[in-house]
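So, here's a batch of structures to check.
Two complexes are shown next, each including chain A; its partner changes from chain B in the first to chain C in the second.
On to the complex of A and B.
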């Protein structure tokens, strides 16, 4: 127990250090890009769009905007100010959408991303892992062979193409599902069945595309893992003991093959905060992907910081949780310092 | 048993899909009442903010500047709704300046009401200017602070601006070319503590539509025709009811989706498409409406993509080098590769669009034909007036498009001539300034191999990337180690404005014109040496090539003295002078106008602007498209 506690504390401190380093890097990098000054970017956006800003007014506006955005002072002073505000839970305003708070913009997109990606990741993982486990255990079944061929065939298809194919088939040819959006145009978010069914209907195609592609990877990984486990002595021993096949499958092979899949799942869940920009583009689906992309393009430091922060924290904590929970799942994994 | 389960599951999934299967654009609204338009800005990250003055509005083209907010004047980039590009919208007439241009008087239209029923008066204009003047961080605030000494009304419909210094172009801040300073509703903003932070939601405008609803996720904005549309700016000026009861602006990022949506008659106006997609759509949709009904389809914007070289970067400080690069380009190939031959080319530093062919191109062409550059001891005439015909022939051969036979018709479609493809002359020019050619490769006078990276846009405008590839190919053929670097637009503009990239030229634009007025001051002002910024400092406005010319300074100073309304001939004369200086110096290499493949669907709506009826620019993110809405009427299809 002491070993576990020591191990968990060390891992937690490492987790905090990872978050600190990740946040610092995200703070510094955009500020080092020459010309990535949010005030200049705002002015350039106006000019690119065709808005007339006479030369005399440009520099005056730049000065005024820098003052407004609170971007005065050295990089270090800005960094200290950032931590001070951050520890108070304030991520500041978005520069490109000034004065809207970053947290408000993230709050609009986050539920869509988490809803879609958490669901599709878990569904793909569960289906891929179970089917892959069965396929690795029973190599001769026709259904499993078909699945294997399907998984191998789908995996190399670029996501954009697959998503478009599904869109064309279901939305334009069969006209069974909507062409895009998160819900019917003209509806207002509410708890009515009309709204909820519209959200489900609009989420089906993006979800299907992500599941089809996601399932293949998990399936193939698990099949290979189970095939490898089947070569282990303890599995041979179980067969020699004439244990029930389902017991061998569940407790000797699946359980032993699970840790790498679980690690993959935890990291994948951590990464969902990055969003899926291609899904969002193809299906006009709202999410963090387009938000962070736009933020990077507009040198919106605070928004980049805000979205990245979720990702850094999620990945760091997912890794931490996996580190401390794996020994509970697989007895072959030990906490450092504990006896075998 | 397991097979039965699989079958049953499949049936259930299909049944579930069928339960959901019902197509409707808007609940409770008939499709033929809604005009659906693409907003090229895509997803608006901050859709609940409509305060254009305060900034932070991620898209202006959600209908806000086209349907709702209005300002004093508009200059149409084409011929204008009544054949006159100058349009008095909230103003009753053009501005009246005093003799030394230190005072501008504006008479406003009577009878216009804000969408919430409050009358529009001089108080709104005065309030807008005073508010902006007090806030330089607001979009037009710095301009008002620099220029306006005092603004006041003399009666409810007359506003006087006293200016800090003579400025005969002051009115242009209130004149829409894509956008301009819109007028604030005083009765809304005067009650607000912080005019910058205020979201202005719902927006109140003088335009004929009001915001009905919008997507909190930023993908669509739905506008409804005002019940009192007669009291809106368009209603008062034209007295014609807009045809669409509703207008829906949708952000769609994927070009494939736009094409499929329009094929299904679910998208009426596509902002822009890659040429192949637009042509495919034109061929497959019998209701398709494009600017030209056939080749070259696209609408030429009054914007001039050019090869922009930083004159502070060696060797682009040498005129001979800039001219050699020009003559090493085969424009026919570039037009073919970039635009499927649908480009409107320009040999001069003015876009060949709107009314500019009449004002500038017809007048300068005789001079261009006689223009010579000195190559060694000889004089060389670089202008080739036959290029449009060559493009038409190449297009016919390469793509099989129907092209007219009459050279004058072709000229109207793809522009006047361009510079000859003369690599031999380019070679002589380069050798005259110390360049050497060994093994088919060019070396600079300092002995280094000549490398050029063309920095261009990636993905967002495929024609721009393709043109850069074509130009790099031409230069490689000529012996220069040329390649392209495609980046996101904001990165391109950022790097171009700083100008620090070694061995790099930029494929972008810094010349934009009114289209419907010959005055070049709009973009040219910032070319004056008083605004010059060296490499490493961001350019003030539109001089990323860091070009300095006493002759251009003189043209700008003379333009400042002209009257925008009364001295059209003088303005054109000075414009022609500018063109001549630029042709001599070739500070940037003009290539073609930015042609926009705006594709409209005539299934539910008719009356879109076209080359035959060029009453306005069809490109729907322009504020000027406001005038389209009274011309577009239902076809009657259900």
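On to the complex of A and C.
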């Protein structure tokens, strides 16, 4: 138990460090760049958008914004104030849809992102791991060969390009699935079958693109892990003992190869999250990705900053949760301390 | 130039026995030649409307022209050149950080090592995309070189960990012990004896890092967050999507950039995989 405690504490430290680094970068870099004073950026963007502002109200606005961003006082005082507001969950109001607080906008789009992310990660991780395990265990077989070529070809293509190709194929060429959105326009969220089926139909394409992209990596990793495990002595003995092949597969190879795969999941969550955001932008899915995209389009500085800070915290905590569930599967982990 | 000999023989062997390497080598050579063709371009990449708009591929314009009256073939030579240079910049800069951090962590061990590993892990977990979008938004004008520096600052941790573990394992080898007992200092060993072991891995991760940075360049460009007047593989695609190439039926405007991109990505990935396999047949492919 003490070993587990030590392990969990190290992981928690990493989690805090991630949040610290992310928040500090978000704080420091805007202040390092000349002419990127957030208050001035906001006002300039408002003026660029065609809003006429009399000089005195510009001054007043600047003062209010400086206060809002905590830009008064020394850099260190600002830093402390930044943290204080952040820890209170105060991310300020959105500018494009003033005065709705940023945190409220995030809350409305969050369920879509979490749903998409959770579903596709579970499906692609599980199926990639299982198929990869089978492929590593039985080296021959046409199906596995095809799957391997497919995984190798798809893996290097960036999220955006693959999602775009799928969109062109299914929505424009084949016209099977809708081009974007989360449900049919005009329907209001309810528990009716019409609404749910619409949600499924709209979610299919984004989910499919994320699964296709994710599955290849897990497949190849697991295949390599399993072929490495197969060379271990204990597997040889299991074969010599004439154990049932399915027993060897499940308990001797899959179980031994699983922990690195889970560690991989924890380490890659940030990247998977990036992918989800990009996919949402392509398919116009109303989650955090679309939120950040419209925020870019409307130059909603505050909203982009809010989404950034929020994603850093969310990904850090999700990674922490995966990390501390690792010892449940692999008892060796808790004794190895900080090394992954 | 004696030290180049093993490099050439390795390339020859890979070329002969690894079909993936053969494909990657030929494809990348073609793409580099394609990028070099930009020198002979009759058009200035920044000018537009010098040709009739939205012409399908023909003898005069091999890849057709886009909706901004630009010849796609020559435009894409510039785009390929800029994108390749960009990804090389990111890869080289982040390699320097990775090697310094990796060697320091492996050499010092102890508390400094643990702090550096903690730092690496935190950078790995950080969701980079929203952060980059945020940085781009506040820096109004961010040139491709600035973007390269920013990406390099985030692109090192996976490889630093890899190099660190390599140094740690080299430290336990017999030759290290005999050299140290004969009076060599560990630091001089790192540069004269360890570096040759580390460089092949660094080469493989360089290719991988190029893939990663190209992915970010394209994504950020398509969102309109890079200097859009400079042709890069991403910005060319941005204009095609922005001006509704799919709806207008000008398929070549999207097909050629995306086709070239997919070719580049697959070739770089095969190069990475074949180098990794060559260095260590048992090596697991580190993702990213």
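What we mean here is this: the second predicted complex is superposed on the first by the 198 of 340 C-alpha atoms of A that agree within 3 Å, B and C clash if a C-alpha of one lies under 4 Å from a C-alpha of the other, contacts with A are read in each partner's own complex, and residues count from 1 in each chain.
The rule is short, and it goes like this: a residue touches a chain if its C-beta (ideal position, glycine included) is under 8 Å from a C-beta of that chain, and two chains touch if they have at least 3 such contacts.
Predicted model, so just to flag it, every value in this text is computed and none were measured.
Colleague: Check whether A:146 is in contact with chain B, with chain C, with both or with neither, and answer first, second, both or neither.
Modeller: neither
Colleague: Quick check for you: in the superposed arrangement, does A:107 touch first (chain B), second (chain C), both or neither?
Modeller: neither
Colleague: Return first, second, both or neither, reflecting whether A:118 touches chain B, chain C, both chains, or no partner chain.
Modeller: In the superposed model, A:118 contacts neither chain B nor chain C.
Colleague: In the superposed arrangement, does A:172 touch chain B (first), chain C (second), both or neither?
Modeller: After superposing on A, A:172 lies in contact with both chain B and chain C.
Colleague: Does the superposition put A:281 against chain B (first), chain C (second), both, or neither?
Modeller: In the superposition, A:281 contacts both chain B and chain C.
Colleague: Once the shared chain is lined up, is A:319 touching chain B (first), chain C (second), both, or neither of them?
Modeller: Second partner only, chain C.
Colleague: For A:161, select first, second, both or neither according to whether it touches chain B, chain C, the two together, or no partner.
Modeller: second
Colleague: Could you tell me if A:225 is touching chain B, chain C, both of them or neither one (first, second, both, neither)?
Modeller: Only chain C; A:225 stays clear of chain B.
Colleague: After the superposition on A, what does A:126 contact: first (chain B), second (chain C), both or neither?
Modeller: neither
Colleague: For chain A, give the residues common to its interface with chain B and its interface with chain C.
Modeller: Correct list for chain A: 35-36, 41, 164, 168, 172, 281, 299.
Colleague: State the interface residues of chain B toward chain A in the complex, per the touch definition above.
Modeller: 2, 6, 17-18, 20-21, 23-29, 42-43, 45-46, 49, 54-58, 60, 135-137, 139-143, 145-147, 172-173, 177-180, 196-197, 213, 215-220, 222, 248, 250-254, 256-257, 260-261, 263-264, 266, 488-491, 493-495, 497-498, 500, 512, 522, 525-526, 528, 531, 538, 540-542, 622
Colleague: If we count contacts the way the header does, which residues on chain C are in touch with chain A in the complex?
Modeller: My answer: residues 114, 117-119, 121-131, 133-135, 137-140, 211, 214-215, 218-219, 222-225, 241, 246, 254, 258, 261-262, 265-266, 268-270, 273, 282, 284-285, 287-288.
Colleague: Mind listing the chain A positions that touch chain C in their complex?
Modeller: So the residues of chain A in touch with chain C come to 13-14, 17-18, 21-22, 25-26, 29-30, 33, 35-36, 38, 41, 152-153, 155-161, 164-165, 168, 172, 217, 220-221, 224-225, 228, 264, 266-271, 273-274, 277-278, 281, 288, 292-293, 296, 299, 301, 304-305, 307-308, 311-312, 315-316, 319, 338-340.
Colleague: How about chain A: which of its residues touch chain B in the complex?
Modeller: 34-36, 40-42, 44-61, 63-65, 67-68, 94, 96-100, 105, 108-109, 112, 143, 164, 167-168, 170-172, 174-182, 184-189, 197, 200-201, 204, 280-282, 284, 286, 290-291, 294-295, 297-299
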